[in-house]
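In this document, chain identifiers A, B and C correspond to the written order of the chains, with residue numbering beginning at 1 in each.
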Amino acid sequence: MGRYVARRLLQMIPVFIGSTLLIFLMMYALPGDPVRALMGEQAFDPSVVENIRRDLGLDLPIWQQYANYLGGLVQGDFGTEIASQRPIADIIAEAFPVTIRLTLFAFTFTVLVGIGLGVIAGLRPDSVRDRGLLTLTLVLISMPSFVLGYLMQYFFAFQLQLTTPTVQDSESIGDLFLPAIVLGSLSLAYVARLTRTSMAENLRADYMRTAVAKGLPRGRIVGVHLMRNSLIPVVTFLGTDIGNLMTGAIVTESIFNVQGVGDAIFEALTRREGATVVGIASLIVIVYLLTSLLVDLLYAVLDPRIRYA
Amino acid sequence: MPEKTADKVETTVATDPAPGAAATEAAPASAKARSLWSDAWNDLRRNPLFLVSAVLILLLLVLAAAPGLFTSASPRDADLAKHFLQPPNWGNFFAADWLGYDGQGRSIYARVVYGARASIMVGIGVTLLVAVLGTAVGMIAGYFGGWLDSVLSRVTDVFMGIPYLLGALVVLTTFEERSVWVVMLAMAFLGWTQIARVARGSVITIKQADYVVAAKALGASTTRILMKHILPNALAPIIVVSTIALGGYIAAEATLSFLGVGLAEPTVSWGVDVSTGRQQLRNAPYVLIIPSVMVSVTVLSFLMFGDAVRNALDPKLR
Amino acid sequence: MTTTAKTADVPAPRQDGDFEGPLLEVRDLHVEFVTRDGVAKAVNGVNYTVGAGETLAVLGESGSGKSVTAQAIMGILDMPPGRIPKGEIFFRGQDMLKMSNEERRRIRGRKIAMIFQDALSSLNPVLSVGYQLGEMFRVHQGLSKKDARARAIELMDRVRIPAAKERVGDYPHQFSGGMRQRIMIAMALALEPDLIIADEPTTALDVTVQAQVMDLLAELQREYNMGLILITHDLGVVADVADKIAVMYAGRIVETAPVHELYKRPAHPYTQGLLDSIPRLDQKGQELYAIKGLPPNLTRIPSGCAFNPRCPKAQDVCRTDVPQLYPVTERDGAELAGRGSACHFWKETIHG
């Protein structure tokens, strides 16, 4: 197992380099120039701009810039924003906890409600409640999160005045409640459907017939034999979904005005701060890669037929 | 009645296979044999979900192709003085003021009708691009294997490693002018990986099938094997994944436009309208809600369609 | 020696009531399934009995209703789409179809156990075999986890799985096919039930392993004096272990007989066809006989005798009248115990 993890970690390196390089290249293809954006409208001396560019290493060939960047990243140096002269690590340290909190909150909601609904529907495939849930999840999936977000904002904040329309305090669970539901709703719908399908499928499995033939009580047949098998795909989905939730947070944050990663990315994009965008993206890519490794390991634990290979 | 059915039975049995055939082991009578596609079609015809979504999609296609049929009002005519945030006049079906006017005095009904084109074009365009690109990569990787597979699979991993929304944000900010084509290409550039994986997987399975081995043994060319034997058999899962993804692409386009990096004025698009509507959410929620509902209904139609197609083509997943 | 005499020899069954009749009696059982193409009549009036220590082999092609009957006895039919419009299943004199779910559950596994064909898919893939065996003791006898595990090891020893102690924590996919089927047998045997239903227990196994597993099953059956219903399509498996045979076709029993008599003198053209289609060494070089045609579609069973479209002896009466299970006698009218044939022309068939 240790060897498997080590090998997987090694395999991640090229993927990580490739993904970040791609984002890096795209950022540098951006038409704007951060140094010029810094100067604003005022008249400037081209030689001054040249000097700043040289100091920042922006005159080097792009592959060298990337190598320098990666070298810094390995030592934990994300670089410095050009305009504000703030270390990018600071910006990340400020924005990430907010987004992670929101993501975890949404994730908990997804797991509890999604699996709960899926089980309720999956135990009786094709019943009224099953069809009802399928319809509900279909509606949830077909609503882009900004639609759901604004609908929720309109009803809960403007009509019922239960909450403030935007998040005032990103540490408060009450404030994050609505954004978390909006963020989690799409995953919730997928989890509910996956749980339902997986249960309905396993319900027909031969070993379920055996469990009945053994004279086991229904609670045990469902709780042990059915759930243990049905939740395997759900758990793997949930694992890979953490990354999606983190990027989905970009939209939710913009609706509810949460000062998280999405906010930071937007600001950096408009000011053409390439290093900030690449830095944040790299972290999210790492989250993606690590969760997918975690999922694979978990998969092998849950399903004895899978061996580390 | 019962006698009649009995008669029928006898005739079918009487015309049973040629005498002497080793019968007990043989496959069911050929009259009963159903191909995957005709069976799927039989299934679909009877599925109300499929019929409803097909009608809706047809309507949306007509809307996208000929918006002028549905309204004489122009989506760009603005009259701030007369029509600023005028609420919907529900009784006045399909007139310019039916769904009210937005903050610039433009008919929301006209905008919703003309906005369909952008959404549908992006949705279908991205789906086709992704299907072609993904299938090509997946088929090459799956069929040839070896180093080619390794390289292509790593490239797929790299693209999969980039979160879709984040990647789209970065790619699309690169362009100053974002037309429907730019948005489509950017979305396809980031989105082909899923199909590539699906195609690769099924090609690897099909490659080992007896009929492919036989075709190879008979000296069929690689192109012929790929196009005649492998592609038709790998198509079902690709179609299933594609139709389901279509709704997702429409939602993604709306989301990107809403975030301000997708389509932009003067292109008429639902996502753009939702984005403008957010300023007036408190006083005039309909400006935002109406295009939102249009997006959702469109996505829903394609999702139901995809779901029905999947159930028909792959009964196992039901 | 007739079957009745043979069953009478065996030691008295372990009784927990005063019931004197047969262990299991199926009476006029009907099962149908609602499908997309109509109602499939899978079982159409089956009758049979099994006594303690007795082995009944139920023979038939797939779709003949042999497994469905077993599932109805076991109470594991999928309902819906399945339903039992008519019939009774007496276990020790009590009609199980009238019992509550809870009463039936207590019988399952404890009094009547089942062995399935495909042990790989019939065992839960993500639970260790020790857990799945021990579960029987934990649920039905309230044993602790530790005691149940000890009993599981005993069981595995009992069915001769080598190194039971070391392998108790292994998962089904880690065993060979034969070993997996032994685990299935162990599971069925766990609570020493009165009746075991084995649904094609050896079909999925290699020929060499088939005999071993069959012998083990027969040996354990003798030892515990259990009733056994052996469902199979393989005439070869049946001969050595069964006491009597019921041949099924299209949801009906078409012939019953003590095992060796059936081989010697079949009284139904279908049975005759089955026997003729077994390859034999002394007929080397000749074309192998095959019953012509296909088994009937259960949604549209032919009128009259269901076998008539495939029957070489079919007459007009066969297409109109459903033959009942006639008692089969010698030419002189002497009774042949336990023999019956659902053929209008049984006399011609058996006496040539």
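Just so we're on the same page, a residue touches a chain if its C-beta (ideal position, glycine included) is under 8 Å from a C-beta of that chain, and two chains touch if they have at least 3 such contacts.
Chain by chain, the UniProt names read as follows: A = ABC transporter permease.
Owing to the predicted nature of the structure, the values given are computational and were not obtained by experimental measurement.
A.B. asks: When you average C-alpha coordinates per chain, which one falls nearest the overall C-alpha average? Tell me, please.
C.D. replies: Measuring from the global C-alpha mean, the nearest chain centre belongs to B.
A.B. asks: Using the stated contact rule, I'd like to know whether A-B or A-C comes out ahead in C-beta pair count.
C.D. replies: A-B
A.B. asks: Taking each chain's centre as the mean of its C-alpha atoms, give the chain farthest from chain B.
C.D. replies: It is C whose centre lies farthest from that of chain B.
A.B. asks: Let me have the rounded angstrom distance from the C-alpha centre of chain B over to the C-alpha centre of chain C, please.
C.D. replies: Computed value for the inter-centroid distance: 50 Å.
A.B. asks: Averaged over CA atoms, how far is the centre of chain A (ABC transporter permease) from the centre of chain B? Could you give it in whole Å?
C.D. replies: Using C-alpha averages as centres, the distance is 24 Å.
A.B. asks: Can you check how far apart chain A (ABC transporter permease) and chain C are, centre to centre, with Cα atoms defining each centre and the answer in Å?
C.D. replies: Their C-alpha centroids are separated by 55 Å.
A.B. asks: Using the touch rule from the top of the page, what residues of chain A (ABC transporter permease) touch 2 or more other chains?
C.D. replies: In chain A (ABC transporter permease), no residue touches at least two other chains, as defined above.
A.B. asks: Considering only the defined contacts, which chain A (ABC transporter permease) positions touch chain C in the complex?
C.D. replies: 204-207, 209-217, 220, 224-225, 228-229, 232, 302-305
A.B. asks: Residues of chain C touching chain A (ABC transporter permease) in their complex?
C.D. replies: Spelled out, the residues of chain C in touch with chain A (ABC transporter permease) are 74-76, 78, 105-110, 113-114, 116, 118, 121-128, 135-136, 139-140, 171, 173, 187.
A.B. asks: State the interface residues of chain B toward chain A (ABC transporter permease) in the complex, per the touch definition above.
C.D. replies: 154-155, 157-159, 161-167, 169-171, 173-174, 176, 247, 251-252, 254-255, 258-259, 274, 278, 281-282, 285, 288-289, 292-293, 295-297, 299-300, 303-304, 307, 316-318
A.B. asks: Can you list the residues on chain A (ABC transporter permease) that touch chain B in the complex?
C.D. replies: Per the touch definition, chain A (ABC transporter permease) meets chain B at residues 14-16, 18-19, 22-23, 26-27, 29-31, 138-139, 141-147, 150-151, 153-154, 158, 165, 197, 200-201, 243-244, 246-248, 250-251, 254, 265-266, 269, 277, 281, 284-285, 288-289.
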